[in-house]
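Each of the two complexes below includes chain A, the first together with chain B, the second together with chain C.
Our next item is the complex of A and B:
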């Protein structure tokens, strides 16, 4: 019996459940969304008509939508950068072999990642409370009262406050990926570098960071994809406000949906998909090229 | 030298303690304030309650929708996770072994499913047309669809390490493919199935978006939506809100404390394997 004939005996019907469920509830809605985005479909219409790219033209001429796009990108890049920077720092710190209690610290720092984001959102509305929240109370106690702000209602800093909440929630996840990457680096490399007289900074720049490139790639790409899809965190913290200072793609889509503007909301959803693909894929390819094979 | 080392170590430990405090303080605030009355809890102080009260917990536990939410979350998460694991193992088995055209197309479509966000409005429309909007079966199938891609990748990656000779020997002995799959392959996939279970359970249990859009009947809301509605009702009584949220995260905290090593490893495996 040849290998290929034996392979062909594996029954294709095993793929059927996945094809049916994934095809029905992911592929079909994704494909039909292209059609709906080109129509005037809304809650008051029985018959929907094809209107070409009108929804897209209307969206891009809407100042609120343009602010939404810019907020989404600011949010995604800020969270991604900050949580990777902190995550890498924490991973290096908690990878020190002699550090006592490092497993406990890892467990604590990862903890927010397993809690429902809706709970974390409400927790932070209490923390950011301008008069009684522990953030402002703490700042006043240590004599930094001038830094106390109305974190979620001041349009200049509301987006920053939501970004910091997500950084608080997800840094532990980035840290753990970096930890796994660090543990895969052969110890001998550091030993021979030490013999050659390389100091800590040089070892970081010439061994740790280049060999950590695969972890950096996956961390950055996952963070970008995830943060561009942010929804519940913003919904609970600010609901897009004040004004539209913290409006992001998914809260914008929700508001068009509740207004019954289905065609327009679907068009916004397609713009979000394109945004994720056009940013996610090049970043993935760019970072991949810089990876070093172990 | 050793004195300097010692000082350095102490400073690092101190840094770790400060960082842990930044993570734990919000949880501590929630815990102490859940035992305070309306007026005291509105101050959000970290100090222990002056008159500890269980009133907030009694209020929460006497709400039928708290228990209903918990039950709904349990039903939806359990069924969706079982189907995700079953369908994903079946697909991973064929995709990796057969290396056929259909499997390759499916694999590519699933890859797109990891990156491309769902189109929520057409999904609602489709589910309404097929009469599964606002039903358990509808949301379960939806969760199966969006969680399948990750699990298929994970299991297909692991299938490579299961030697083909096992299949060949079984088939020569006259074993059918479904029997081979159930009796030999599934037990060998135990480790990645545990990982896939942890990832799927966490994703579904904490998910807000799907029930927010797909379930309009309050009797079918999972616990995460109950929190959302509870807070909008009790916004003025933070003590009760904190008690409700404590009850929601309690099962998660217990499981996390017991299985933390497994959970951390699982939630990051997919990422590390890339």
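Our next item is the complex of A and C:
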């Protein structure tokens, strides 16, 4: 072995501590949990038996689990789309150089993101209260009393109410990322386009959006992953109810673990992880392909 | 069934003073090391005053402090305790709902067997009928025999000229009259979830037991009969959905809470509520015993032909983890708690019919009504206390059924969960 090859391998040793920590704290637990998802492990069993894919088969035949999957996807895509649409709109609006008080507006819109979801959950439980909540009170005051609903207890709109709460909480975060992206776009491009006669919409379509693609990628992927893992907000607002109307993957997993059905709960957790990878990875690759280098 | 001795006590206020010699002194004076404190876990719906009094007496007599830990009630309570068992974080003793399913929930090999303990000499034998698992006892009865049923406001009934119904059609007619008179016929605490179970459970003795008999329940116990194969149970679910369809629940019933249910029934805004007997002490704490005795009545869910069958719940129980640190002293505390004079302290604050000998208690009017049904042979124990598996997630299933109106799905889910739980507990036949 030559001295140069020894030197070239030398830096690899510095990776070892990280690899060990990552292996012990992530790889081994992940592989172990996959194994446990294939067993009948539960709180009453002292001996764990390998049962193959029985937990997975049982989960997919469970009506409640199927409703949960559907709710999770509805929640994830709705929040992701709405918060990105609003975040982008607000970012463009608050990026106008001549707008007065824009820093104040940016701060106000970002503020909900720094409040703990559990606090926001309780706050909106009060806001959504059918009789005393300020939402219905406000609607009645401005003559729109017919729109007043029991926002969290009506199974037809409970999921929508939780979605809008999360949109309210996270739009500011998306806006900040879009603002950073917008400020990185050279002004010369807009000036050239203006000289060439491009109107606002054309500048948005041909300059702003293509050059914002990295920000869109980050925002969409983070939002999708985060919303598929939603838990606290649902737990506090509705606890998955009424019925199964707002039951999502993590509340389902929690209740399965609470019942002591650890094998089944782990299987549901594996399904959630696979779901995130299956949806998140193609979205990431698709959006990355559309990114434009400056 | 309510033991014969208790029935006699009602009229004679009899005093069966057992020799307290068996309780006189802890049997562990020269045994295991005396701990400085013992931990007792109870659901957070427990009225703590009597426990605090009993434990203060115990501390004064024995010198061991007793710490009460109140955990969230309902299904969550059992789950939290199961988790503590799984992590070997045992309390010294804890109270649980009645029935052998509690033993299978934790595993009988993880609970201290109490068969033959002197404390059972003081227990009325009939109350142990639903507490023996494979002939062995793992829990000491705690509290009294209770009932689930239809609780009604007597003023509302008087205002609409109604009396406790003589059959189901009469029951529906009363509810319609209450609605027509501007009252809420039935208040359902749907948001609170657990009260939703009560209708189906009180309907079981009236509609399901006569259809499947004790043999049917035995077949359920060993998984030879499926819940979704019982037409009478499907009929019960359909009746429940029909009440909603007929507009007999309060408007916006999905937002209904237990607290509001209590408030509105007691103040005469609601005609009836399907509830458990613990409802009464909660009402008394808020409105006083005299008010509740005067205003609130009880009847079982009527059948199509008669007044129906009353549903009884056995006394709760005290369990001791077998691998706890202080099992001998924990048992000493159990014996102390179940002494007649300490049971009397319990009944100063709680409803129910005593199961320990020598406990004097004046029965409330609704308890007299329950007793009358029992004496007429028209009472059955809650089916949940006759089975070793559980109706897991039952309130949520019913909440969903009320939303969708889909009775078959609810039955299938109930059956699926029942068998899944039996299988998880490795019960025979599952």
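As a working rule, the second predicted complex is superposed on the first by the 269 of 294 C-alpha atoms of A that agree within 3 Å, B and C clash if a C-alpha of one lies under 4 Å from a C-alpha of the other, contacts with A are read in each partner's own complex, and residues count from 1 in each chain.
As a working rule, a contact is a pair of C-beta atoms (placed from the backbone, for glycine too) under 8 Å apart; a residue touches a chain by one contact, two chains touch by 3 or more.
Keep in mind that what you see is a predicted model, and the values were worked out from it rather than measured.
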| item | value |
| --- | --- |
| Chain A as common anchor, with chain B and chain C clashing or fitting | fit |
| Partner chain(s) touched by A:21 [first = chain B, second = chain C, both, neither] | first |
| First, second, both or neither for A:214, with chain B first and chain C second | first |
| Contacts of A:63 with chain B and chain C, given as first, second, both or neither | second |
| Which of chain B and chain C A:29 touches, first, second, both or neither | first |
| Chain B versus chain C as contact partner of A:7, first or second or both or neither | first |
| Touched partner set for A:53, first chain B, second chain C, both or neither | neither |
| Comparison of chain B and chain C by chain A residues contacted | B |
| Per-pair minimum CA distance [chain C against chain B, superposed on A] in Å | 6 |
| Contact footprint of chain C on chain A as seen in their complex | 40, 42-45, 58, 62-64, 130, 150, 152-155, 240-245, 255, 258-261 |
| Residues of chain A defined as touching chain B within the complex | 6-12, 14-15, 17-19, 21-30, 32-33, 36, 90, 93-94, 96, 98-102, 105-120, 122-124, 126-127, 129, 132-134, 137, 168, 172-173, 176-177, 180-181, 214-215, 217-219, 222, 225, 229, 231-232, 235-236, 250, 253, 257, 262, 265-266, 269-270, 272-273, 276-277, 280-281 |
| Chain B to chain A touching residues, read off their complex | 9, 12-13, 15-16, 19-20, 22-27, 29-30, 42-46, 83, 86-88, 90-91, 93-95, 97-100, 102-103, 106, 109-110, 113, 115-123, 125-127, 141-142, 144-146, 148-149, 152, 168, 171, 177-178, 181, 202, 205-206, 208-209, 212-213, 224, 227-228, 231, 238, 241, 245, 248-249, 252, 256, 260, 263-264, 267-268, 271-272, 274 |
| Chain C residues within the chain A interface of the complex | 75-76, 79, 82-83, 85-86, 104-105, 107, 190-191, 193, 252, 254-255, 392-393, 396, 399-404, 409, 412-413, 416, 420-421, 424-426 |
